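Presented sequentially are two complexes of chain A, the first with chain B as partner and the second with chain C.
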Partner chain A sequence: MSKTFLIDTTRCTACRGCQLACKEWNDLPANETKQRGSHQNPPDLNPNNYKIVRFHEHLDADNNVVWNFFPDQCRHCLTPVCVDVADMVVPGAFIKDAATGAVLVTEKCAQIPEDALESIRNACPYDIPRYEPKSKRFTKCDMCVDRLRAGLVPMCVKTCPTGAMAFGERKEMLDLAQKRLAAARERFPKAHLADADSVSVIYLLAEEKEYYHQYASFM
Partner chain B sequence: MVSSLSVAQTLAHVARRRPPLQSALDVFEPLLSSRADLPDKLAPCLRTAGMTLPVWDRYRAGQGQSLLAGHSLRGADNAIRKAAAKLLPLICALPPFRDCTDNLQALFSWPVRAEENRGTVAEQLMEALLASDEQSFIQLTELAAVPPHLAELPAEFIFSAVLRALTQSLAERPWEEGGTWRHGYCPFCGSFPILAWLDRPVQDEKNAYLAGGGGKKRLYCGMCGTSWHFRRGACPSCEAEGDGAMEILRESGAQWGERLEWCTKCKTYCPMVDLRESIAIPDLDATALGMLHLDMVAHQKGLAPLRASFWNHLALA
Partner chain C sequence: MTNHWIDIKNADAVLIIGSNAAEHHPVAFKWIMKAKDNGAALMHVDPKFSRTSARCDFHVPLRSGTDIAFLGGMLRYILEKELHHKEYVLNYTNASFIVGKDYAFEDGLFSGYDPKSRTYDRSKWAFEKGPDGAPLRDESLKHERCVFNLMKKHYDRYTLKTVSDVTGVSEQNLLRVYDTFCATGKPDKAGTILYALGWTQHTVGVQNIRTSALIQLLLGNIGIAGGGINALRGEPNVQGSTDHALLYHILPGYIALPQADWQTLEQFNKANTPVTALKNSANWWGNRPKYMASLLKGWYGDEATPENDFCYGLLPKGEKNEDYSYMYVMDKMYHGKMKGGFIFGVNPMNSFPHTNKMRKALDNLDWMVCSELHHSETSDNWQRPGVDPKACKTEVFLLPSAHRVEKAGTISNSGRWLQWFDKAVEPGGEARNFADIFVPLINRLRALYQAEGGVLPEALLKLNWPEKFDPEEWARRINGMFWADTKVGNKLYKRGQQVPAFGALQTDGSTSSLNWLYCGSYTEEEGNKSKRRDPSQTPMQARIGLFPNWSWCWPVNRRILYNRASVDVNGKPWNPDKTVIVWQDGKWVGDVPDGPWPPMSDPKGKLPFIMNTDGYAQLYGPGRLDGPFPEHYEPVETPLAAHPFSKQLRSPVYKFHTSDMDVFAKAADPRYPIVLTTYSMTEHWCGGGETRNVPNLLECEPQLYIEMSHELAKEKGIKNGDGVIVESARGRVEAIAMVTIRIRPFTVMGKTVHLVGMPFAYGWTTPKCGDSTNRLTVAAYDPNTTIPEAKACCVNIRKADKLTEIA
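Moving on to the complex of A and B:
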């Protein structure tokens, strides 16, 4: 049965516990970064970060500063375009795990010729996969599929201290999303669920997607 | 809002993690699965018989009396017969009970004794079991010439299906109110638990910035299926707590959040499973069965289970 994340950005405080927990669980090394005048660090997804919390600030109609946070990760699409495009090059390089719905990168990825890499990367509507030339692998969130097989929730969900992240069976998460949405709309009239019908990582956004991140939602 | 696993799904998870337990799990799975299906079927019988439950009394609860303590169970006979018809064939397939199949069947379908106005033998047997009235229990089992030590586990198992049907009829769980029930035995039926578990994180909708981490300890009653909060550092049996009162027994390597907690004072133990990170809630009876290997080690250490079950009683005897 398909598993689903609900990420309620109205509860996210950008503590980046999820980002760090993901690195710890996957044993990913640190990045060398520079101060760029933003708390978003590292600046983008990369082979050492399968998940980052994106920061966005703007002024609202009353000239108050609004600071939005967006824990960005693979959406594990219900119909993943990356799997289709990769299959045209090397069948089985990207797969969708039937038991969980996780979109996974396999070792066959190393067989993908260099001239096909960009087309696979660009296939993702959310700009997620990154390529690691040393290992010749695309890197991205794997839904902590090893933990799922042991009956445990993904590491980012376990770590979230504010309850912004929830994880479970798709139907349960869709029900929870509707409840959270109703509650969020009392404070944020424009609150909506991003691409809920097509992804396994559903974001509850308080405002339009441009106030979070260019690829926050597809629709 | 969390999905629950069936007996079969839970035991399949256990078997994947611990293949050597497969044969033991196969023996008890039909029993546990059949009982899990029964409460829904028995509930209409209890309603038809007009069985009612007493009102939760905070004063009585404060004195340590469970809801069913001293309460008549008249009206349960039809449900008991149905449960026995379903479960006894499975129970009597287990080696210790093969020789007394007819006697056990007779015991649970004994005709009403005209000279008594105290309910049927089966109802009295259930009352005696819940009240720990050993003398009455023995007298009743002697009617059908069942040795008392062979009657106890089948009786518990059959009555547990009826009690679970009864708990379903409760609209609320009054013992959940903070501090109402602080004992290590069940607030509904008074039995000791077969399993403890650490609760999942709780979303506090009133606090936008913090979610509870979970980890509250709950005890699970294998008789009526009730669970209730209990102090993490205290013994459910003798309620000893403090430094050195409770010890932990767990396997080396991957533990899957499972362990035994045993009391250094009264030498009893209760298995415990940590569900804080679990995606779904497993069937708790099947989870207890899946910790049979820890029962075996506890047995070797001379510890006694807080509550005997088919697997930790028969397999280790």
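Moving on to the complex of A and C:
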């Protein structure tokens, strides 16, 4: 049975505990960043950040400030396009772990010719994988499969203090998602579950995806 | 906190004001989210829309430094609409007390003001007393000088229009908060107020908090589940270090610092032991001599005897009216009146206001000892940018300090829970924890005094001092022990055994306790209670998330302070669904009650506010230096030349220094028209001395920024991400512009007032990140606590041609 995340953005405080915990668990070095007039840092996913919290602010129809937070990571699609596209170039460079549903990159990435890199990256509807030329690997969230095998939940979920992130069996998470959605709709009539039928990382968004991130959802 | 973190979930309304709870308490914020899940209304009142505001039902922007005006308007609203909890106010507060004829309030000044000394003669504010010395009360609340009517009169000026004009909050937004929060005046509703440094760091800091006390008492929100006034404590161990007297004006357990007028213990006790004429007042501080004697016994052990005043004479005595706070220490240092010193656990060259003066002051030391995890702006002040290291005479000793995970001991959290932490790893290299530096240092000094003598060697030589530091042993000493075989009830305790609770502390030298509040935390019967991790509870306790067997909290494991006010005079809870305590079959059930006495209706009953001499909570508080009722005054640096509440623009009694460097913008100074407020953030801890050395945190928040509105940015020709020069009357700081809708211009007294916000987490020892924001902030202080006004000053900004501090 595959595993699923529920990320309820209406509970997220953008503390970035998940972003940091992900780096710590995966032993990723810090990037040298700059203040560019935004709290979102690093500005984008990169080989040293498999997960970042994106910030988006706008005024609603009543001129109230709305500040949305979006902890962005690989969605571990139920039918991952990246696996199909990579398979056409180097079979087994991207795989889907049967036990968990995690989409993983393998050492076979090193065999991918340079001119094929862009097409594999572009295959992702969520703009997730990043290529690290030194190790010749695509980098992205691996659902903490090492932790899962040890009976632990992913590091980001473990760290989340406000209950924005939940993780478990798919059915259980879908049930929880419906419950949370019903609660969220009381305040946010446009609340919805992003691409719930096709991904293992389901986001509960309070409003349209453009108020979060260009690639927040596919549909 | 009067209550505790978990208890926030019981609230029907949560007012976060003077705090950015989600960013500064990201883990504990889950209890606020729980309140929301349970249907509570969450409100954030703060100059800037932050991550806290994002999770609240609504955010109300408030001009920094106008909290009393904002809350004064709420007081008027409650009184006008009679939303207060009438039975509670009458029975448990001093609303009915009659104030003496000498009290007056005229145009911003209370009676008894002396402009020369900038102080009040507080005797003018006293209550009227009967022949027996008891305060006179009018239970009909009709007397024109009863507290209730004086309060009504005082806040009558705080109309929606006036408050809106001064605070910059629209009348609609004022009403939104007032309506929502004041709905908790109903007996079965609870509202909590959460605050932090956004309230304390003002020249009216104490009165900001007093205003919340007035509101919460009127609404009957003190003592109940989901209520209270809750200070969100930041750095561990702020609560514990306050309890144990890190502050300059008290000894451990909130006992006054001995003064020069009190040369003997008898004189000390006479001045510090309140007496009440009310028979139903517990007047708990009447026990103070027991706590003082036990403290001295803890310090001096067998050397402390009744014959020698328990060595009271060896304690240093403060001079009358002398201020020993850190800002006064730094001013002395600036004037060359100090030769050397120890700076532990603080980075004043980044975190204290008016940092340019601080940095110059430190240059005057001959020697300085710092203990730090990393080099800091303080330890390395001698080689700061723009200064020739060779010109600095200070000899600096930098002692490597252990990290908090490298030591064992207790931390007291905001809810007063005493929690034991084990050491995770040994300190690296030569690093030591503070006590392993301090205990041997004192032993070295003792050896020197022993060998060479000196002035008053007994002060150190008579100390009951260990050879080596052992945290477990100190936990025992803090609780206290018997120094003679003693019977408590039916049980005999031997000399050397632990005192079971502070009720057993004595004045005769038979007991010691290094802090009476913590007496009961480490007993013969149950051992070290800070280590308890037992979640068991009764069904009644489960309903309000009360875990009496998890750790331990002061006093006597009482989780909600003043809980006897959560019941009516017959001991019946105002809200039976969220019972804190209840009188059942002749005893109290639930939390540990504020004293064992039966309910108030019983002739043996006592008033619930047992720490106040007369047992009633003080709507009118004649003890503070700046007035018995909170009154709005502008910050010392203000964009206004006048305000409508009175002619008294600023607090008449705020403190300040007068050195050549202590300069202030004048009121409505055209050179500095913009309000600056300062803050911390999730990613860096306080001044950032530790976290700037954690690369992953620096990656998230790498450089100093200044948050400003689009309107101001446009006016100044500044674009998002541009370098900006920020200037105040005291300094100049570089920052990166963060142009955002989260800060909006205020309309104040019909004019547009801009506000900008900056974190204070950056300092020059971290390359290219910027330097101390506090070079801008103002050295003006609250008269009661001398806390500096770091949350409000006036600045100007312009686009930078080039940056030298940030790259």
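Quick note on the criterion: the second predicted complex is superposed on the first by the 219 of 219 C-alpha atoms of A that agree within 3 Å, B and C clash if a C-alpha of one lies under 4 Å from a C-alpha of the other, contacts with A are read in each partner's own complex, and residues count from 1 in each chain.
We take it that contacts are C-beta pairs under 8 Å (C-beta built on N, C-alpha and C of every residue); 3 or more make two chains touch, one makes a residue touch a chain.
Just so you know, these numbers come straight off a predicted model, no measurement behind them.
In the three-chain model built by superposing on chain A, chain B clashes with chain C. Of the two partner chains placed by superposition, A:Ala61 touches none, neither chain B nor chain C. Of the two partner chains placed by superposition, only chain C is touched by A:Ala14; chain B is not. In the superposition on chain A, A:Ala98 contacts neither chain B nor chain C.
In the superposed pair of complexes, A:Phe69 makes contact with chain C only, with no contact to chain B. After overlaying the two complexes on the shared chain, residue contacts for A:Arg36 are found with chain C alone; chain B is out of touch. If you count the residues of chain A touched by chain B and by chain C, you find the higher number for C. In the superposed model, A:Glu24 lies in contact with chain C only, and not with chain B. Looking at chain A, you'll find residues 11, 13, 161-163, 183 touch chain B in one structure and chain C in the other.
Here chain B touches chain A in the complex through residues 1-3, 13, 201, 203-205, 208-211, 213, 256, 276-280, 282, going by the rule given at the top. Interface residues of chain C, counted against chain A in their complex, comprise 22-23, 26-27, 29-30, 33, 37, 49, 51-55, 57-59, 682-683, 695-705, 720-722, 736-742, 806. For chain A in complex with chain B, the residues that touch the partner chain are 3, 10-11, 13, 147-148, 150-153, 158, 160-163, 166-169, 172, 175-176, 183. Residues of chain A touching chain C in their complex: 11, 13-17, 19-20, 23-24, 29-39, 41-42, 57-59, 64-69, 161-163, 183, 187.
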